[in-house]
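Going by the order they are written in, the chains are A, B and C; count residues from 1 in each one.
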Amino acid sequence: MLNNIALIIGVTLMYSTPLIFTALGGVVSEKSGVVNIGLEGMMVIGAFIAATVGYYSGNPWLAFLAGGLAGAFFGLLHAIASVSFSADQVVSGIAINFLGPGVALFLSRIFFNGATMTKSIDLDNKMPRLLNGIFHKDSFLYYILDNQYATTYIAFILVFVIWYILKKTVLGLRLKAVGEHPAAADTLGINVFKIRYLAVITSGFLAGLGGATLSISVVSNFRPTLVSGQGFIALAAMIFGKWKPVGAMLACLLFGLAQGLVVFLGQFQIQIPSQFLNMLPYILTLIVLVAFVGKSVAPLADGIPYEKEQKH
Amino acid sequence: MPALEMRNITKKFGDFVANDNLNLIVQKGEVHALLGENGAGKTTLMNILYGLYTPTSGDIFLNGVRTNILNPKIAIENKIGMVHQHFMLVKNFTVTENIILGKEKKNKLGKLLLRKSKKDIVALSKKYGLLVNPDDKIEDITVGMQQRVEILKALYRGADILILDEPTAVLTPQEIKELGIIVKNLTAEKKSIIFISHKLKEITQFADRCTIIRRGKLIDTLNVTDVTEHELASKMVGREVNFKIEKKKANPQKPILKIENLVVKNNMGLVAVNKLSLEVKAGEILGIAGIDGNGQSEFVEAITGLRKAESGKFSISEVDLTNKTPREIFLNKVAHIPEDRQKFGLVMDFSVKENFILQTHSYAEFSDKGFLKNKNVEDFANKLVAKFDVRPTNINKKARDLSGGNQQKVIIAREVTHDPQLLIAVQPTRGLDVGAIEFVHKSLIKQRDEGKAVLLVSLELDEVMNIADRIAVIFEGEIVGIVDAKKADINQLGLMMSGGKL
Amino acid sequence: MKKNKVIKFFTESNKAFTLISILLGFIIGGLILWFSGFNPFTAYAVIFKGIFSKPSYISYTIIRSTPLILTGLSVAFAFRTGLFNIGAEGQYIVGSAAAALAGYYIQLPAVLLIPLVILIAIISSGIWGAIAGLLKSKYGIHEVISTIMLNWIALYLQNYITKIKGFAKPNSEASKFIQDAANITFFDNWKHSDKGMAWLNNHHFAKEILRTPANFGIIIAILCALLVWIILNKTTLGYKLRAVGFNKEAARYAGINIEKYMIISMFISGSLAGLAGALHVMGVSHNITNLSAMEGYGFDGIAVALIGSNAAFGTIWSGFLFGALKYGGTKIQPFMGAPSEIISIMIGTIVFFISMPNIIKISLNKILLKNKKRGEDVK
């Protein structure tokens, strides 16, 4: 019994990790006032680049970083459109969602001989499993941690890091100000554009890391159905978590748990059809959103392009 | 050496001259008031001082040194601080976070040293009597306290010259008293305060000297102790009154609009309309004169169904319409020319013809079984365009593409056409050229001659004096006096508008 | 003076701006192909031939465009009313599942069954859309989030339905086929019969067309565009919906019930997307399958709507463009080894530029300024 719980926790951690990276990306961008719907596209390109670099270099850390940088590049595109050209941020995000998979599959065919799947990375060259082989087989901690890749630990550390930056540092204060009341920040000499660029590029980087986690930790390659909407789930997790890093993390764990439960219960003869279990996280989100109606907690200037006051 | 000298400042926006060769001298430790009506140019001048605008010509001298203030950062570096009329505070930040934003104390790693900052803030606040709780969130504290935070923000950056834009507009009488004490503490430290106001009482209470600006030009600078409120008021509004309009004698009938003890709150939860009572009769134009921010907007919103009335009531021809929907009020034959024509009056992306049927598109005249009777709509639109001389005459042009004057004509045409019993016109000539203004005034008088009740709310005293039959002055949410327009004395009106007593 | 007119056209006309974005998409796509070692002109020629050179190709293009036009209309309709319907995907799924169920279980002659199946599909998917409208108007939940959730719920719902005993096809991931009476593919049975095949062998053109699952779905799609246009421009309903979409405040002031019309708008939007799904089931697939991922018609509809400037007839053109590119694009891979995904990149680029109208205004102004400095008269 206890081992079953441990197994579930383990699977939950594994599935939530990519979501956590990406949701953190969403938080950073939106906290600065830029809506980022393109998280999905950024995850896809991150997953692909990481898988490709991972395969050819054999170095998981290089692959991980490369995935992040790929996402950051798309973040840059989104930033240019949204910040410098006052684009409709939702439309720009949608464009990224076409470009991400488009570029990923395009390059995949070029690098992998026409295939839309990258070649698998050897187990040894995947992200290391830091606590592998340490625990006594069949122990509680064994079931949770034996198979956890380094990316899982990094994700949780990042939650703390981002929480810290937002709450305790100068950068975090200014970033939040820019997202809530850019005019106030502007009149105090803060460069609104610079901060938003930084935030959006970082959000792309994080989403890229999320995708990379999928292709070099959870599985060992990239394929077209790998990401399959998880970028949108991360978006929902961000809203569910009220745009806070820890809240978003908890929401991601919830989604991961639901996904994990499906895998786990698949082993047993459960009366509830698996499809309804699959629906659970989404229905849950809707219920929570309805129940917590009231104050909208999105950053006040979220989605509104900042244009310097028109002198009238 | 004066702390500040603004010499021959002129500011043009295109052809519009906002500041015309203005001069201002402020000594150290002086409280200097800028007095003028709406649009006189006071805020523009201060925006120049704070670096939000650059002057078209003229210079600024700080302690005798010529300084180019190109942006707020430079203004702050030169120890100038400004508290805007609409606060620049992040609502869900604490007092401390708002004050330190942009000038944060931090350690080498970028960590905020909040405890040290809080200590500094508390010390600063004690020094000037600006008591605040550094841990409160802005959204939780009173407006008076928010203002103190804004002042602290400026002082935290070492401001020696402090600009306050309409500081008492949002305060309760008690808070105004407290502000007076704060101002005294600041000047005791040899800080200079410039405050923009149109409230004579505050000026005579707080200011040492006063500069009066009218239509961008300097009228006078005097010691406050040397003048009476009367004199200040008359200088503010001036003696020239333009555009006298020809109109027949009014023939008022029974009251159409009856307002009794109306109380309405503004967006910040403060009482903006304070037990207001008023009557508008059929066949007369009642003009409400007052300076912006004395409750006019909230008052109109309440009687057009766009804002809740806390207590009191109003009726149209004996029908109680308090807190009814805009539609119900419309169905009671009330027409409204709104203050913000782009927000409430028109759908800018609709064509002129579509805007004409905004409230009436479901009427049998214009629709049948859910389908619009396009021919009828077009005939109706063309008729109105001809009658009211809307240009261009193309009814399919988007409202957005029309000039302000023609947009206003569309609204007036629409509102007037369905034979209302009460017409409410708010700032109807704002942004219009001379020809359009004349047209609007003629329309209002025509309605009055046809026996409608017309309520005119305007910030232009000239307009009210010209058009209205009776003039009611609104100050701090109450009607402080009603005079017959023919007998009205402009100085007396100016005095009432600024809260002065006869 | 003429130069002035041309410049005005480019900086202010919506159509011009869309054309420029499409052009940029092709140019950048071409550049990417070139950098990857492929000849862009060859690629574009392959796409062109792949769409137009055979009657069966044209037929496939039309078939591919049909659902895109409808999902495009769905998203465009919602946009015009101020709502962002990312849920077209889920509404499509609901429509297709409803059509498959109704088409399988209900016993009626074709002349009654076909309209009934369509009706059931439209109502089901309309309700699915209206849920999001209700959540927004009553609880303030942004439609982007609620529709994304509903997309997934719809997907798993379809998967559940596919496995219902009696409806599921044994030993497969699909459901059983709908009855012939609900099948709208032209001459579907006849063309597979011996007699039919014999006749077709003598009539080349017809054989080409009937090789594809040609059906009258495209007619319905175009009629829907017309219907959408009529509703939005000729009815009081459309008037109210557009007013709400353009200026909520003025609409409220004019007495329009904003909340009610949000729900109505999402219902109509949902039913359009659901119709796309229904027509696909009835005319092409004839059943539904267990989905491991979303098919993408709904998401593609967003791009179709944006490229078509959210206008009813623009969506038709945009739908055809999209469908043609997607279908023709599949031919590049086998023919010259260039990845077909260049199409997604082109579409992404087009949408990217459409998101920022300012870029053309700003760039043109910069160019104009430079010319002015050089002393040319650019008044």
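We adopt the following convention: contacts are C-beta pairs under 8 Å (C-beta built on N, C-alpha and C of every residue); 3 or more make two chains touch, one makes a residue touch a chain.
Bear in mind the structure is a predicted one, so any value in this text is a computation, not a measurement.
Enquirer: By count of C-beta pairs in contact, what is the leading chain pair?
Expert: The chain pair sharing the largest number of C-beta contacts is A-C.
Enquirer: Which chain's C-alpha centroid is most distant from that of chain A?
Expert: Relative to chain A, the chain with the farthest C-alpha centre is B.
Enquirer: Measure off the straight-line distance from the CA centroid of chain A to the CA centroid of chain B, and report it in whole Å.
Expert: 47
Enquirer: Where the CA atoms of chain A average out and where those of chain C average out, how many Å apart are those spots?
Expert: 28
Enquirer: For chain C, which residues are in contact with chain B within the complex?
Expert: Chain C residues touching chain B: 234-237, 239-240, 242-243, 246-247, 249-255.
Enquirer: Can you list the residues on chain C that touch chain A in the complex?
Expert: 32, 36, 84, 135, 139-142, 144-146, 148-153, 156-157, 159-160, 163, 292-294, 299, 302-303, 306, 333, 337, 339, 341-345, 347-349, 351-352, 354-356, 358-359, 362
Enquirer: What residues of chain A sit close enough to touch chain B in their complex?
Expert: 168-171, 173-174, 176-177, 180-181, 183-190, 300, 309, 311-312
Enquirer: Which residues of chain B touch chain A in the complex?
Expert: Touch list, chain B to chain A: 13, 52-53, 71-73, 76, 84, 88-93, 97-98, 100-104, 106, 109-112.
Enquirer: For chain B, which residues are in contact with chain C within the complex?
Expert: 304, 306, 325-327, 330, 338, 343-350, 354, 357-359, 361-362, 367, 370-372, 374
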